[in-house]
Every structure is written in C-alpha cells, then in structure tokens.
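One structure coming up, written as structure tokens, with questions to follow.
As written, the chain order gives the labels A, B, C, D and E, with residue 1 at the start of each chain.
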Amino acid sequence: MALPLLDARELVKHYGNVEALRGASFTAHAGEVVALVGDNGAGKSTLVKCLSGVARPDSGTILFDGAPVALDSPVSARELGIETVYQDLAVAPDLDPAANLFLGRELRRPGLLGRLGVLDKREMRRRAVASFHELGVTLPDVDVPIGALSGGQRQSVAVARSVVWASRLVFMDEPTAALGVVQRERVLDVIRRVRDQGMAVVLISHNMPEVLAVADRVEVLRLGRRVARFDAAATTVEELVGAMTGALTQEDA
Amino acid sequence: QIGDTGGPGDAKKMVLIPGVAAEPFYISMECGFREAASAAGYAVDVQAPAKFDATQQTPIVTGVLADKPGAVLIAPTDDKAMAGPMRQLKDAGIKVVEVDTKLEDTSIASSTISSDNEQGGRLAARTLAELVGGKAGSVLVLNTKAGTSTTDARAAGFEEEIGKHPNLRYVGQQYTDNEPDQAASKVTATLSANPDLIGVFATNLNTGEGAATGLRNAGRTGAVNLVGFDASPKQVEDLRGGAVQALIAQDPTTIGRTGVEQAIAALEGEPVRRDVETDLVALTKADLEANSKYFYKQRC
Amino acid sequence: MKPRAGLRRLAGANTLWIAVVLLVLIAVFGALRPDAVLTVFTVQTTLVETSVLLVLSVGMTYVVVTAGIDLSVGSVLVFSGVTSAMAMNALHGGDATTAGWGVVLVGLLVALVSGAAWGLVNGLLIARTGLPPLIVTLGSFGAALGAGQLISDGSNVAGVPDVLSDTLGTGTWFGVPNLVLVAAAVTAVGALVLGATAFGRHTYAIGSNEEAARRAGIPVTRHLVRVYLLAGVLAGLAGFMALAYFRVASITGHDTDNLNAIAAVVLGGTSLFGGAGSVVGTVLGVFIPAVLRKGFVIVGVNVYWQPIAVALVLVAAVWFDQSRRKARDRR
Amino acid sequence: MALPLLDARELVKHYGNVEALRGASFTAHAGEVVALVGDNGAGKSTLVKCLSGVARPDSGTILFDGAPVALDSPVSARELGIETVYQDLAVAPDLDPAANLFLGRELRRPGLLGRLGVLDKREMRRRAVASFHELGVTLPDVDVPIGALSGGQRQSVAVARSVVWASRLVFMDEPTAALGVVQRERVLDVIRRVRDQGMAVVLISHNMPEVLAVADRVEVLRLGRRVARFDAAATTVEELVGAMTGALTQEDA
Amino acid sequence: MKPRAGLRRLAGANTLWIAVVLLVLIAVFGALRPDAVLTVFTVQTTLVETSVLLVLSVGMTYVVVTAGIDLSVGSVLVFSGVTSAMAMNALHGGDATTAGWGVVLVGLLVALVSGAAWGLVNGLLIARTGLPPLIVTLGSFGAALGAGQLISDGSNVAGVPDVLSDTLGTGTWFGVPNLVLVAAAVTAVGALVLGATAFGRHTYAIGSNEEAARRAGIPVTRHLVRVYLLAGVLAGLAGFMALAYFRVASITGHDTDNLNAIAAVVLGGTSLFGGAGSVVGTVLGVFIPAVLRKGFVIVGVNVYWQPIAVALVLVAAVWFDQSRRKARDRR
C-alpha cells in the first residue's frame, strides 16, 4: 500500500475528567473515501478536531505525507490543504451564505481597491449561488443571514465551503445528517467526485447503508480507540454494528 | 459602635485629606501644608479621593485612622456625611482641622480654616456687574453636578447678588456633570436661545474651560463676560489672554499653612483659633500682576 | 477517598483561585503593615464600607447571569435615599433627627418601594418590549438621578433619625457592625436562592439560552421582570443603608456604583454573556478592589499610582484565576 | 375516521420576504405515528414551531380535540399536553443534562424547603440517569454542562425531555439525525411505545426507510404546502421522494 | 421597478427608523424655537461639540461588533492629550503656545502613539490571554488616567500651540468647522472599512461566532489586537482634537466618555453581543442625545427635568426603531 496521506497514531485527548480519545489511531490515503464510524460519544468529532487543528491532543503523533506535523491551529491544517465540515457547522449566523462560503478567503476587487481590502461582493455572491446550485440547495433569499436558514440549508452551506477549498483532504463530520433525500445524493456524488480528483475524504456518518454505498474503507472507533478496520466492499452493516458496540473486535486495529 | 482602634500611633505625623486629587486649588493647599509641616519637623502624607465625594473620602479617612497620625487636616466633601468618620478620628485622639470646607457639626474639629463659597458667588456677581457696566443682557451660571456643596453655594451666592442688578437678567443655571464639553455645549445652546447673553459665571475650573471654549467657538470671546472661580495657572493664562474676564480666587496656600499652625497648636496644647477666614479676591486683567500671590500652583 | 474527593471538589470550585488572590492580597498588606492592617478596626471599616456595594452587587449578579446589565443601580440608590429621607422628615415635622422607630420603618418601606418601582420599570421595558438592557437602564440611570434631584431640589437631604444611624449605621453586634450583618444576610439569601432554588435555576437557564428557556415553559418575561425588580429592591435597600451610614441622602457620588458592581460581578467569574456565575464569586469580586484601595491608603502609596496599581492587580488576579481554572479543566 | 387530535388548516407564515408556509395543512390522530416529510426548506420545522406555540402563524386555524385553540406560547402548547424535540434542540448549554431534562418543571424538596422553591437536585439527577439509560445514552459524566456533550448525546437529552413530559402529542423534528445505530433503534422503540400509550407522535425525518419502518401515516410538505398523504404500509420510498420533489402530486391533499 | 427597489432597500436599512427619530427631534425643536434651532450657528456648534465623541464612537463600533467592550477610551483620550501637550511644550521651551507646525505634527504623532500603546495593551491582553474585555479595559480605564495624572502631576496641561487651536480647533473650511471635517473623514473611512473590506467582514465574523471565525482561518487573535489598537488610536486622535478645541489637556471630565460612546453604538443598532451593527447607526446614536441636550437647553426645559427627558426620549426612540424594524421583518 502507498504511503498514507494522513497517519495519526495513539492520540490521547482529555477534557477535564473525560477521556475523549484513549490512544486513537487513524489512517487516510489519497484518492479514497474512508468512513469513520462509531457510537455516540465514541470520540469521532474529537478526533476530527484534533486532525484539523481545532483541538490539541494531549499526546500522540500525526504524520502528513509521511512527515510529522504539528496541527496547532486551523490555519496550519488549511495550509496543508485540509478542509473540514464540523458537526456543529461552525458558521457565522449573522452573515449571509455567500459571506460564510468565502469566510477567511474573501475575494477582493481587482486593482487598487482590492489591494486596499475592498471586497468583491457581487462576484462572491455569484460564485456562491453556483456552488449551492451544484449541491441542489435552493435558498429562498441569498441575502438572508445564515442563522435564519433551515437546518438542511445551513448544512449545505458548510459542505459547499469545504469542497470548494480543499486540495488534499476533506473531513466531513455527519455532513448529511440534516439533508433531504435529493441533497444527500448530491453530496454523496460530490464526495465521489472529490475522491476521483485524488483527494482523501473522511466521512463520518451514522447511516450505515450510506457508508457502505460511498466509502472505500471503514475505520471503527469505540470508547476513544480504533477497534476495527474494514474494506467497505467486503463488509456488512451487521459487522460494522458489531464492531461499534463491542460485540466484535479485531486484534490488529 | 464601630471605632475601637487600639494602640497609639505616630504623633509626629500629619496627614492632609483634600476634597479631591489633582486640582490646583488643593495642590496649592498641599504646598502650604507640606512646607509648614516639614518646617515644624512633622512627617507628612497626603491622601486624596479621586472624586469630590463622601463615599470616596470615607474609606480614606478610616484608612488614615488605622495609621494613627497626630493630626489630620481635611476638607470634608459633605457637611453631614463626613461627620461620622471624622468623629472617629477625634475619638481616636487625633487632632482634626478643617480646611476649605467644614462640617455642620462644629464639635469635631479643633479649628476651621475656610473661605466662604457663597461669599465667593456674591463677589462673582458684583465683579460681573462691574465688567458689564450699565449694559443690559442675560447672565448664565454653569454649575457642576447637582448636590456638589461647594459649587452649589457659589451658584446660590451669585443668584442672590445678581438679583440686585436689574439690568442683568438671570437665565438660571445649567448643570454640566463637571465635563468641559457639556459646559461648552450648554453655553452655545444658551447663546442660540438668548443672543443677548452678556455674562457667564462658571463655578469651577472645568466649567470655566468649557465655557471659554464655547464662547471662542461662537466668536463671542470678550463680548460675553466670563467670570471663573479659582486661579489655576491655565485660568490665569486665560485671563491674561482675554478668554476670561475675571476670576474669583481663594488663598489655598495660606489655608494649608494656617491649618498646620492650628494643628500644631492643638497638639501642643497651645490656644487654638476656632474659626479662621481667609481672603477671597476678584482678579481682573487690570489688577492681575499685583495679585500674583493668589495664583494657584500646579506643583510645589 | 472521602477527604480527597472533598479536596477535589474544592479545587474544582470556580471561585477557589480568585479567593486565593484575595487571601494573598490580605497577607501581603498584613506583612507590610501588621500593626495597621490586621486590626479589628481595619477589618470592621473595610467590611462596613463595602456593605452597600455588596448589596448592589448581589442584585447585579442575578441581572448579569440572565445576560443583562443594570446601569441604573447607583441612581436608584440615590433616588431611594432621597425619597426615604424626605418621607421621614415629612412624617416628623421637617426634621426626623429625633424621630423614633415607627418613622424609620416607614422610611425603610419608602426606600424599598422606590427601588422596586424603578426595578419594575426596567424589568417591564426590557422583558416586555425586548429593548436592550443597556439602553433601558442607561435611561433609568439618568431619569432616576434626575427625579431624585427634582424631589430634593438638587441638594442633599439631611435629617436622618439618630436611632437609625446609631443602630444600623454605626452600631455593632458582638463586634460585627450591623450594616455588615445586613449585607451578609442579603448575600447569604441571594447565594442560596441563586444556587438552590427553581428561581435561581430559571435565571441561569434564561442567561444560557433565552429561547430554550421560553420553549421549556419558563415564564421568561415574568422572570426577567422579577430579576430587575430584585435588583431595584436591593438598590433601594442599599440606599437606605447608605442613609443610615452617612446620615444624609447624598445625590452625588454614585455615578460609578454601576460600573463598580458590574466589575465585581465579572471579577467574581460571572460572564457578561450570562448563564454562569455565582454570588460567592461576586463577594470576592467586591472585596478585592476594596482591600486594594484600603491597603494602598494604609501603606501610603502615591495617589496617582493607586489607580494604576489597582488596575494591575485586577487584571493579574483575573489572569491568574483563569489560567488556574484552565489548568484544572485540562487535567 | 375518529376526530383528529390535532387539525391545522391553511397555515401561512412569512419571515420578511420569505414565505415559509403557504397554506399548509396537517392532521394527527391519537395513537398514531404520523411522519412529516419534505425537502430541505419545505417548511417542516416552521410548521412544528407554529403548532407548538413557538412561532405564530400569520393566518390559518388550529383545532385541538376538535376545538379551535390559540397556540400563542409554548406554555399553552404544554398545557394541552404537547411536547416537542426541536431541530435546533433548544437546550441550555451551560446547564447539566439533568437540569435540562427538568427545565421548567424542576422537582422540589418535600416539605417547607420545597415550598420555598428549593430544588431536589439528587432526585432529579437520579431520574435523569434512569431516563438516559432507557434511551441507551451513556454519558461520561452527568455533571458536565450539556454544551460539552457530543452531538448525539445532546440530541438524546432533548428526546428524553419530550417523551418524559408529553401526555397527548409529541413533535419530533429530526430526533434521530445525530444518533448512533443503537440509539436510533431505541428512540424508534420509544416512539412506538408512546404511540401505544395512546399519544400522537409526529416524526420528521429525512431517512425514508426509518419513516416507513415506524410511521403509520405520512404527510408530505412541499414549498410550504401539503402535497400528499400516504398510508405508510401502502407506499414506497420512490413514491415519497416523488411527492417531495414534485414529480408526483395528489389532488386532495 | 428600479426606484421602487431602491425605496425598498432604504426602508430595509437597519438605520432608517432611528434616522427618522433624529429628524423628528430636529423638526420638533425647530418648530418650538425656529429662530434659535435652525440657524447656521446652532448647527455648526452642535456638529463641533459632537466631533470628539463621534471619533471615539467609531472605534467603539468596531469593538462592540466583535462582542467586546472598551471602557478605557475616555482615559486614553486624557492620557494622549496630556502626553501630546507635554511633548509639544517640551519641544518649545516649556510653552508651545507660539510653536509652529513642526511641533504640532510631533504632538499629533505623540497623541496617536499614546493611544495606540493603550490600544495595544488592551488588545494583547484580551486577544492573547482571553481575559474578559470588561475587566481589561476597566483596568486600563484606571491605569491610563492614573498615568496621565502621574505625568502631568495631576493638573491640566496648557500651552497648546495657537496655530493648532486656531486651525483645527476653531477654523472652518467653507463654513464647515475643521474639527467636523476630521470627524467626518474618520467616520467615512470607518464606515467604508467596516462595510466593504475584508477587515470589516472579519470583524463581523468574530463577533458573530469567534470559534467559527478561527476555524475559517481568520487570524482572530491578530484581528482583535488590531480592533482594540484602532479604538486606541482613535481615542488618541480624539485626545488631540480635544486639545485643539479646548486649548488645554484636561485631566477630569472624561469619566463618562466610555458610557456615552457605548450608548451611541447601541442606540445605533449595534448589539452588545456582536456580529451586527454599522457606523452609520453609530453616527445617529451620537447625534440623538447631543441634539436632545442642546434642544432642551434652547427651549428652556428645567435643569432637573433634562436628564429625565433625555432618558425618556432615548428609550422611546429605540422602542420605535425596534418595533418598526420588527414590523418590516414580519411583512
């Protein structure tokens, strides 16, 4: 097997008395969709936060392209080409969808004005509308603050954000949880397309049929530790559930 | 009752508690105090509240009390509210001398050295009337905050006296929260409403500075006679430069010096003068240089 | 295991480290001037002088926990003091100095009702119309002071009954000043109600997520009115206490009471964004600046240095508290 | 058919320029699970808010037990025995799970203390732990503020809240979106049990297999209007998706 | 369709109704005293007298949009005025009254640097250590004032160059006072930067959801430092403007500047919880109380009624604004 794009080893993360990660390992290769599954509270979101620079693990090593990296801020993850859809979305509720899509990477006007930092709001809006269209999202009014959107609409904006900007790796923490049937299919299509462009996609989901439909590989987290790895083509929902609940364990995970 | 303080303190120490920190009036008083007390061999300390206010002065008095100096010179910021804390000073055997302001209760202090603020207000009205000559017009008083005893007394004295001059129409006082920008705004507003404004009495430094700014902004400097209170260097400068037409000056250095003399007398059992009145003068551009001893100091 | 668990609970208390700061301050001043600082007198006066602010700050704690703010407390204090003093004078022929307990009780009632009235106005405007608390209480800050001045014709009101000022004002009970007893009682009740009752629980819930509280069936509007009412009543009580202590209803000198109370609340660990905080923290937040100011006067720090030193210690105290708390959470 | 428990007719709700409901109708009977499905932004959550007293419709009538009611606050809905799991959960993040479970209905100590409003924290905690256990939620620490819980744990608390208190009708707006496989099954069991007790359960979900597994009836919302009604036993996922996307319409819905 | 869309956009502007309030106020006062209110003189002086507060409030708008607060602006204004005046005096033999433009420029620089220094201290403490802005800026509120008093020995500093006070202080340009021009320029730049640039966008994002902004790669710490730095620099500029206007660096009289600026910002529709607001709103929020205070003096309202009337109108204005805006949203 080729060198993994991302290889996290033995991550430990405490919150006060709670051990969210107890030596979790995780691997993702370029050009594959790897699903990360596990029970509620297994530590999936915490792992994603540690791997996207939002939380700092107490111990453990992270290799990116084979070299150890210190992901001490979201900016350093971004510079490695990593984008994330967070479970709590992490959007600015007072800003409109276009502003959220371009947050931290605003387009500027051409010429002097742009060098003075003046935004090109029209262009950002145009491109945002195109992105949303691609994901099958219909927004009643693109100028409304995102806090006023429906749950699924808001989630679509966060998904659009991540796939527009990623270049190496996308983490998606339950990106389809609030999506309608049509939008969910669109997002799964986008995931496949992104994978085909050679990026790695990490998908977290509690929907096992969905996981098996789109993932190439599955890693299972339980009580803050990786307990199993499966080839998606060769496994079943029952096997996955067994691993998540502790009924089934693999020695070498 | 509160106030058992225990052991003896340092009798060879004297503390001055002015009404407020950082005003040339009290700084000049402090100069007289330091000079006289040091000359007599006393250790000195000055503890001023950040605001002219009883709630801020009280903790200072009790803090000083914990320190037990021989004598305390104090400008009480309220003629009733400060009675309690000051009685504690007296009960602890500390000699209390009132400087500038005084309590209603005369049984606490050994001596009171003051100038009469109401008298100062009356003097301001007379001075203004002289400056105006026989001309008719409106006059305004700019006061600080409602309830500030010293400036209220000045305004009251002024109001009483100005009534004796029928050519001058008193349009009342305006409060400024002791902020120069409000003083400036209220002067220009009064000018809008009463274009015949001919005189302004500003009851302290900040109102005076604001009034001068407002008049300058309106282009009425000199046309409207501005009478200020106190003689800090900036005010003297303004008087010299024509931004202000008269100043009512007290004599804080002498107040401080006399306060020390009376305190020493009380400490050493000599006879003490219960009440000492100090001078108030009206300074105008004409007699300015002759009265330079009344100018306040920024620093000793 | 038991004692260790207790220890851990103690170390976990949000107020532990700010309490450590307070103790260190007292120890430092005590070491510098043991003769002057650690005396009964200094302790008594420090406690007495913080009593009024403490009562205001207890009410402010409730308001800030709901994510509100009350800028009007100082003015309401002034207004209540003025109405109370004038009512007592009116009842006793213009000068209540020699009046008896009956008149004093009426005065107390007038002070509480005056405070309650302003609290009710604040609460109704904020809770019913959804106006920002900052604007509403800034309005009553100005209006209550103006009303006080209007009633008293712009001057301080004297004529406080001697029986009041000699007992509540300066009297003691086994060496503890009566004012301190009143403030302590208010604080204790305030702490218990906030920490242990449904009223307190609803206060936290509203501050944490007002919409969630509303959907959970908590009568948010009524509750907010009550919280501002409480702050108003306590400001009225504080006005009465100030009357007893200073023997005069002063109309100046309370324009920064609001900021002082808010600072005490925030210093004590309550967030301006609501949902968390405690009365015990507020008590510490009241005492730290008070001890500092007193200590600086006693050890004789230059007047211009005092605000700088207070500022430095305040910021350092919160910094220390916060970094210790973070260290605990990371454990 | 018996008198419906809840019958909402022609509800209209505007937010600024956006028409969230354009004459939506909805019916629920006692003792049935009715699923409310529709695309993202169809107006499902808005409808639930109108029917649980959180939002006030601009026009339309609501009949409860056959009589018109004015649901002008959550309290009036609660008094009718209606409880709701909101899509945005509506919990107090600074309070712990037990406090959230009993929010607005705190247990008091027996005797005088209770009449003074003193809380019985121990008993509330005990009952909360029991409720969570029933839903298969494992909380690492019951004294931690709910804002620090994982997405699924938080959702479980909201679900527990609604089923503990409801007596006539429960609205559940995507209650299983963030739940693990096991927890989802438990919640579906609870929904069936509640139904069997004679209450009406309104389930909103984007997971069509789940809808068909648990619902007795399905109503479909599209662009703020009811476009179709199905008997769950006699319909298919394809039919539902067709109705949601507008490919299929019923005349008399 | 075009004009109607424009009209609708206007009616949709968050500041429309508060602007209506301002116009109504001016109309009412104008009707009561047309001879005194609608004169060039009254307009000029009102504008001049609000210039300094306007500059402070522009900086405060940025701070409040980030969900922060800056209590120190008034003290920083004082500090900057003092250092600037003292520097100019020192450069010109102890009295800069007759000094030239070179000295004035140095004075301006000193004022801006002084303001920047305090802004930087605030910003670093708030952004780096996560201390509550209220506590940090309450600390610098005290410390900057204390430092100003320490440097000036506690008294006002005179000796302002005549060239400065005659041009910037009282000069006009085609009838518009120069101070007003400076304030207008600051406001215009402030409004454009907040509304149209990436810097402004990031300010809103941080106030709306700081964690989301951080995860989006916005350098939150650096940005917050810059926002407080901006507030400090503008306070320094305001100090220099006050110097030119009053011809003296006053020590006292700026203790409520902070509340006045915050009130202007909130009155203008910016939420204390951050994420929304505008400089245009702040301008209206500065002028409404200023017009009220001025108007009440001109029409001769009783002095004790003035604060009450101001409070009533303020609350009523926000109420009106909010209910109109809600009606619009409900449309």
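In the analysis below, contacts are C-beta pairs under 8 Å (C-beta built on N, C-alpha and C of every residue); 3 or more make two chains touch, one makes a residue touch a chain.
If you want to know which protein each chain is, UniProt gives these names: A, D = Monosaccharide ABC transporter ATP-binding protein (CUT2 family); C, E = Monosaccharide ABC transporter membrane protein (CUT2 family).
Just so we're clear, the structure is a prediction, and the values are computed from it rather than from any experiment.
A.B. asks: What is the minimum number of touch steps required to go from subunit A to subunit E?
C.D. replies: The least step count works out to 1.
A.B. asks: Could you find the chain whose CA centre sits the greatest distance from that of subunit A?
C.D. replies: Of all the other chains, the one whose centre lies farthest from subunit A is B.
A.B. asks: Count the touching C-beta pairs: is B-E or C-D ahead?
C.D. replies: Between B-E and C-D, the larger count of C-beta pairs in contact belongs to B-E.
A.B. asks: Please report how many Å separate the Cα centroid of subunit B from that of subunit E, as a whole number.
C.D. replies: Between these chains, centre-to-centre, one finds 32 Å.
A.B. asks: Rounded to the nearest whole Å, what is the centre-to-centre distance of subunit A and subunit D, using the mean of the C-alpha atoms as each centre?
C.D. replies: Once rounded, the distance between the two centres reads 28 Å.
A.B. asks: Can you give the whole-Å distance between the Cα centres of subunit B and subunit D?
C.D. replies: 71
A.B. asks: If you average the CA atoms of subunit C and of subunit D, how far apart do the two points sit, in angstrom?
C.D. replies: Result: the chain centres lie 43 Å from each other.
A.B. asks: Which residues does subunit D have that touch at least 2 chains other than itself?
C.D. replies: 15-17, in rising order.
A.B. asks: Among the residues of subunit C, pick out those that touch two or more other chains and give their numbers.
C.D. replies: Residues 149, 154, 303-304, 307 of subunit C touch two or more partner chains.
A.B. asks: So which stretches of subunit B touch two or more other chains?
C.D. replies: Answer for subunit B, listing residues that touch two or more other chains: 21-22, 146.
A.B. asks: In their complex, what parts of subunit B are in touch with subunit E?
C.D. replies: So the residues of subunit B in touch with subunit E come to 21-24, 27, 146, 172-175, 177-182, 184-186, 188-193, 205-206, 209-210, 212-214, 216-218, 232-234, 237, 298-299.
A.B. asks: Which residues of subunit C touch subunit D in the complex?
C.D. replies: For this pair, the touching residues of subunit C are 193, 196-199, 201-202, 204-205, 207-209, 211-219, 275-276.
A.B. asks: Quick check: in the complex, which residue numbers of subunit A touch subunit D?
C.D. replies: By the definition above, subunit A touches subunit D via 15-19, 38-42, 45, 87-88, 137-141, 144, 148-153, 156, 174, 177-184, 206-209, 241, 244-245.
A.B. asks: Show which residues of subunit E lie in contact with subunit C when the two form their complex.
C.D. replies: Interface residues on subunit E, with respect to subunit C: 69, 71, 125, 129-132, 134-136, 138-143, 145-147, 149-150, 154, 255-256, 259, 262-263, 266-267, 271-273, 302-308, 310-312, 314-315, 318-319, 322-323.
A.B. asks: In the complex of these two chains, what residues of subunit B are touching subunit C?
C.D. replies: 1-7, 21-22, 45-48, 50-56, 58-60, 62-68, 78, 80-81, 83-84, 104, 145-149, 152
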